[in-house]
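Across the two complexes that follow, subunit A remains constant while its partner is subunit B and subsequently subunit C.
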Partner chain A sequence: MAITFKELSYTYQANTPFEYQALTDINLTIPDNSYTAIIGHTGSGKSTLLQHLNGLLRPTSGSLEVNGQLITPQTKPKQLGDLRKEVGFVFQFPEAQLFEETVLKDIAFGPKNFGKSEAEALEIAKQKAKLVKLPEELWEKSPFELSGGQMRRVAIAGILAMAPKTLILDEPTAGLDPKGRLEMMEMFYKLHQAEGLDIILVTHNMNDVANYADNVVVLEGGQLLKTGKPAEIFASPEWLLAHHLGLPKTTAFAQELKQRGIKLPSLPLKEADLAKQLATMIGGIGNE
Partner chain B sequence: MTAIIEVKNLTYRYDEQDKVPALNNINLTIEAGQWVAIIGHNGSGKSTLAKALDGLIEPEAGSIKVAGIELTSQTVWEVRNHIGMVFQNPDNQFVGADVEGDVAFGMENRGIARPEMVKRVKAALKAVNMSAYAKHEPVRLSGGQKQRVAIAGVLALRPDIIIFDESTSMLDPEGRQDIIKLMKRLNEKEGFTVISITHDIDEASLAQRVIVLDDGEIIADQKPAALFTKGQELIDIGLDVPYPERLKHELAKQGITVPKKYLSEEEMVEWLWQLLSKN
Partner chain C sequence: MNKFLLGRYINGDSLVHQMDARAKLALSIYFIAIIFLANNWVTYGLLLVLVLACVALSKIRLGFFLRGVSAMIWLIIFTVLLQVFFTTGGHVYWHWGILNLTQYGLVRGAYVFCRFVLIIFMSTLLTLTTSPLEISDGLESLMNPLKYLKVPVYEIALMLSIALRFVPTLLDETQKIMNAQRSRGVNFGEGKLMDQIKAVIPLLIPLFVSAINRAEDLATAMEARGYRGGEGRTKYRQQSWHLKDTNALIVFGLVTIALLYLRTW
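So, the complex of A and B:
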């Protein structure tokens, strides 16, 4: 689902003494079928940008087009109903939004609300529960009896049940342990690969950007700073550090090697890349 | 060295019906001035242990001594004077209208006289390098700055022990580095006993000692270097290993013979440099 921002600006509390311009003149295309990471530190405008995508905010000036639907400052909130189905939003700590008696009922709530019958909604709920790998013995339990990671899966299944075309993930693994994190990130990647969902990921974790994204958007102070493939964005570590952004662990380690005088053929983003390059360099010297 | 925390046979269940206790016969001694990291998967009992130390939950069995004081319902406030806690989300910890007011809040609660308060707020903000922000609104600060203000609020109460409960997990990379550096300084230069509960293995690797909890039990209590050589075992119980260990694992897959002993990042760079300079 292609998304295009045209000269979009957004001002909070316009025409009051508290006026605050959060986005300035954003021109940006998020291509169809992409896994896009949005990076930038606190206050860079990430959340404001995302809230335009499902109609929570409308531009103060300029426009955006989401899946063929044009949104301008004149667009009425009523006209944005379809958008809410097409764009699924996973907020931080989504488990805080659970409320139903059982896991399946909670997942079925969205489709029921959008007009499916009880039976249809439960059928969808079962599919989505399987998709996020919630074991069947949990389906009739109260979502509040589950572990943090499982609760989060229930909340995500509830969003998938509305059959969105794009999934927006705002720091989706905050608070999970390393194994839970990895499982969740792999699940999103599979949804992208196998189910064809577009993903927009907001994260501070540059390893996730390097491992999963194919497109990166960098925001700073409400302005678009750069877009490109991860390899392009991470190609100049100095630039990233100057903008207070981190590096993937592997890229940072490659920098340390460079400072020690070890020249790598290219700048690696993932540990497997780095290991391959090093192995080739070590190769000829009789590694006993 | 004197023990500042002594935990003996500590057991706790959230619900009497629970078959597996949240803490299962924990025995633990922490020396004054140590930096101890506690790691373990979600639900392993890390935060429960921190709550028990601060007297926020009452154990089913066992005893806790903090700075020589046996923790009971009578001594709980005295014990809390020795412990400062910094939590995960700085936004949930703010009460003051400005940074100064926020740092002073805990002292107001304890009836500390105003001139003394003013002195301590100044010193605490200086210690976390936030003096320039005394009059700022906390909401406008970055995540790392907010967490530094929360730490100043703790320092102003003059504890001996600071418990960081996943305090870096919601920060951006810069904020995280910032807080880790501050933890290091508070421990090394200011002599605080630091307990950091964390999923961040790089943070844990800086501690003098790492305690691994799994299903309410201590399954390892070692120096980081000794612990991190157990790579796959750690991954199996839901944890991570430091970056050099992961890279070694990838190199081994490429057929390179790697040293068994744990290498820090600098040591890993050095090892690679020596290996390559033979060329």
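So, the complex of A and C:
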């Protein structure tokens, strides 16, 4: 689902002393079938940008086009209902949105709102509960009895249950343990690859960017700083440092090797790439 | 959430901002009392001049005060209509069942309207120029004599400042949860009344859960830092009474005398 921003600006609480321009003149295209990572500091405008994608915010000036639907400052909120079905939004700490009596009912809430019958919605809920690896004995429990990680899974299943074409993830793994993190990120990646779900990920974790994304957007102070493939973004550690952004672990390690005189043929982003390059250097893949 | 702007503290350095919170609080309450002394156009005019002078001294745009009035407009209209239609006396312009449109009714309605607007202006002025913390400090200090009646003044002030402190936090939280539920297909403020009531449940339950969790966290955090109640606690923010506060009291006193004189005029 292609998304295009045209000269989009957004100002919070316009015409008051609390006026604050969060986005300035954003021109950006997020291609169809991509896994896009949006990086930038706290306060760089990431969340504001995301909220335009499913019509929670409408631009103060400029426009954006999501899946052929044009959104301008004049667009009426009522026209944005369909958009919310197509763009699933997993908020930061999404477990805060749980409210139903049972886990399954909560997951079924979204599909029911978008016109599915009770039975259909529960059927979808079961599928998605399996997908996010929620053990069956939890399905009829109250979501408030679950652990933090399990609640997160319920919330994410609730978004997936709406069968969106694009999934927005705002730091989806914040506060999870390393194993939960990995499982969750792998699940999203699988959905992206197997079901062609477009993913837009906001994260501070550069390893996730290097491992999963194929398109990176860098924001700073409400303006678009750079877009490109991860390899292009991480190619210049000096540039990243100047903008207070980190390097993925693998790339940082490769940089250190370079400083000690070990030259790698290209800058690796993923652990596997680095391992392969090193193996080739010491004597061919066969000898590992 | 623009509506919630009304009455929010706006940083500034005007004469009204600099005044002691106790003086502002006491005078706001006093103003509500003396407004009932007004009984004719001259007295209402005098109070209007007083309010507008205070507003001008605060250097805050009039628009903010008008927004405060517009937020209450339905309550005002309702009360004014009650006065207009149920007051009898004077010339009768229109009559239907128990409803009367009379000369006295119209005048009373207009007075009630003025009263509302003036009170809203004055209390908006208090909250626009005084930070919530100053207000709760001021209240605590004003309520101090009640300690002798075994009123838990310190606890009340603490509750008030915690409540005020968490208003923006809870508003943010509300906004966040509303966004999350909107993303799941809830339409707030649309559709039939029944649908609208139903739409509140997915908002209220998460909000209560998070508020209760937050309260527990706060209690733990306070105890972890050795909080033991108000006994012997010193204050970081000191309040100081200046000449301008005394002057303000004098001005309000003079206005009261003028009102007493003019109401029988």
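In this text, the second predicted complex is superposed on the first by the 283 of 288 C-alpha atoms of A that agree within 3 Å, B and C clash if a C-alpha of one lies under 4 Å from a C-alpha of the other, contacts with A are read in each partner's own complex, and residues count from 1 in each chain.
Simple rule for what comes next: a residue touches a chain if its C-beta (ideal position, glycine included) is under 8 Å from a C-beta of that chain, and two chains touch if they have at least 3 such contacts.
Note that the structure is predicted; figures quoted are calculated from it, not measured.
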First (subunit B), second (subunit C), both or neither touched by A:N113
second
Query = For A:K76, is the partner it touches subunit B (first), subunit C (second), both, or none of the two (neither)?
reply = neither
Subunit A contact check, subunit B vs subunit C, more residues touched by chain B
- Task: Examine A:H244 and indicate which partner it touches, taking first as subunit B and second as subunit C; both and neither are also allowed.
- Result: first
Listed in rising order, the residues of subunit C that touch subunit A in the complex are 2, 5, 8, 10, 173, 176-177, 179-187, 190, 201-202, 205-206, 209-210
Subunit B contacts subunit A in the complex at 40-43, 88, 142-143, 166, 169-175, 199, 201, 235, 238-240, 243, 246-247, 250-251, 253-257, 265-266, 268-270, 272-273, 275-276, 278-279
Subunit A residues touching subunit C in their complex are 13, 16-18, 51, 54, 56, 78, 81, 84-85, 88-89, 91, 94, 96-99, 109-110, 113-114, 144, 158-159, 162
As the complex stands, subunit A meets subunit B at residues 41-43, 147-149, 171, 174-181, 204, 206, 244-246, 249-250, 253, 256-257, 260-262, 271-272, 274-276, 278-279, 281-282, 284-285, 287-288
